[in-house]
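Sharing a structure with you now.
Naming follows writing order (A, B and C), and every chain is counted from residue 1.
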Amino acid sequence: MYNITLEKWQGPMDLLLQLIEQEELDISEVSLAQVCDQYLKYLAQVEELNPAEVADWLVVAAKLLLIKSRLLLPGLALGGEEEAKELQEQLKLFKAYLEAGQKIDKLWRQGQIEYIREKSIILEELKRFSPPPSGLDISILEQTFRKILAILEPIIKLPQITLQKAISLKEKIEHLRNFIKDHAGLTWQHLKTKARDKTEMIVSFLALLELVKQKEVSVEQNGLFEEISISRSDSIHQNIRTLDH
Amino acid sequence: MEVNNKLIAKLEVILFAAGKPVGFKRLVELCEVKSGEVEEGLKQLKSRYETTGSGLVVLIHDREAVLATAPEQANLVRQFLKKEELGELTRPQLEALSVVAYRGPLTKPELEQIRGVNCALILRNLQIRGLVETEESSSTMPKYKVTMDFIRYLGLKDIKELPKYEELIQHANLERILAETSS
Amino acid sequence: MEVNNKLIAKLEVILFAAGKPVGFKRLVELCEVKSGEVEEGLKQLKSRYETTGSGLVVLIHDREAVLATAPEQANLVRQFLKKEELGELTRPQLEALSVVAYRGPLTKPELEQIRGVNCALILRNLQIRGLVETEESSSTMPKYKVTMDFIRYLGLKDIKELPKYEELIQHANLERILAETSS
């Protein structure tokens, strides 16, 4: 276990890259699957530390889970090839820019600034009060200032907006949990088709795994590539397989 | 006298950054050389500008030196300043001016926090035009406000006569965004 | 291209008088020549400053030119103008800055796609520090790019001097072409 605190990580990509590098792995689908659990462990702490960014972290978590599950349980037919490829590409690109950023920092610290003259040179004859040639009046100033005040609105609300996004993702998970619990005898196929988009499908899967882990539901699959059925743990106790490991 | 090129470059840099006459004494201090070397260096800098056909000249007078534009270029400079510095206000300039008018006196970081962009060159321009000036203040950070000339130009006696002045400067958004500068 | 010395002198005079970046467009207007001639003239002015061992440099970025002090003179200018050193860049700022430098102009969602996190506040801070600006464009989504100040603070003469510039920019171009052909 690495003794690292989360304040150090500037975002999910940063953490992911560090986890892979600490394992001395290359960026690949297999290595992404391998660091999935560690990533989730950190995610649990991130929620406490910086709620504003939870959404960003969750999206990556969902992708990692999908990648891991895909490798462990090919029979699920989850899809996810695209996500795996995308995440690898994103990570490689991120790494390249991270390294470039370190070099920029080095240049910055050298302090070899190319200075411009601070004050303008103005001819004596032009040193006089010079309003814009086409004029300016108080109503223009008022309108302009009002517009500026209005532009500030979304900036002030920014932290709250991200928070809202995060909460809605968490709510979605909660909602799905309840849905799964209430509909014992569901199949994964059913859940999958209910999802409106890929993200929602990933989130469904995330919720499902969470429930399995907490032993609130069980999943059953009679054979490789066959339908997976989901049921409440209190109704069926046979043939439990957790998808967690 | 043998003067090394490094000294000439240093003199050039100081004169450029100053934008106004600099005394020999100051040049001696900054370049850490003898007074004679500064004089010789300036002479060589002057002749370099003359021989390369530059539009700039080094003027030496009364133990002071200045880097300036050649007299025959005065018209070009005038034209440039009129267009670039004294022409119509750009959108960002107008926006900064309206903030200084309503919310001034305020510091550059406060203005930038409200505008969300760097305002160094904008403030420089508004000052050249005589629309904005800095306020004498005891704190280290200068505060910007509109000039009396501009207030009169708007037909006002006091900047507080701007439309909806009280209402707009008490806008909650302003306070909240400025609270972030101080934090 | 044959460019006469008079044009070079004019360009030098304007850049000197401006003391800030001047757009090619304005230079074309004031010198009454074609855009290609301005570009060639600037190139020659730039190389003249380099070969005469001057303490000044001509920087060109994003169709703007500025006359500034050479990077190796930074300490002297700081001493003379009593300038403070720049504050540090945080890690997230560096990350975002490098993406914008190599890949800009790009939109906020494009930046977020690479960094994996929301970048609204970071972009705002970088704009306030004057390192990033938005490109004037008719489209609704603003595009971000690095500024001349960014070039100056790093002591570069051209953005192409950034480490691994060609390699990283080629990568970005390739992706762009792929994205365009597939859509």
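Structure notes:
Definition applied: a contact is a pair of C-beta atoms (placed from the backbone, for glycine too) under 8 Å apart; a residue touches a chain by one contact, two chains touch by 3 or more.
Everything numeric here is computed off the predicted structure, so don't read it as measured data.
Using the average of C-alpha coordinates as each chain's centre, B ends up farthest from chain A.
Centrality annotation: C (chain centre taken as mean Cα position, compared with the mean over all protein Cα atoms). A straight line joining the Cα centres of chain A and chain B is 45 Å long. Inter-chain spacing, taken between the CA centroids of chain A and chain C, is 32 Å. Measuring from the averaged C-alpha position of chain B to that of chain C gives a distance of 21 Å. Shared interface positions of chain A, defined as residues touching 2 or more other chains, are 115, 117-121, 155. Contact of a single residue of chain B with at least two other chains is seen at positions 16-19, 77, 81, 116, 124.
By the touch rule above, chain C contacts chain A in their complex via residues 16-20, 57, 59, 66-75, 77-78, 81, 83, 85-86, 88-89, 91-92, 94-95, 97-99, 101-103, 113-118, 120-121, 124, 151-156, 162-164, 168, 171.
Looking at the complex, you find that chain A touches chain B at residues 115, 117-123, 125-126, 128-134, 136-142, 144-149, 151-153, 155-156.
Residues 5, 8-14, 16-20, 22, 26, 29-30, 48, 52-56, 67, 69-70, 73, 76-77, 79-81, 124, 127-130, 133, 149 of chain C touch chain B in their complex.
For chain A in complex with chain C, the touching residues are 10-14, 53, 56, 59-60, 90, 93-94, 96-98, 100-105, 107-121, 155, 158, 162.
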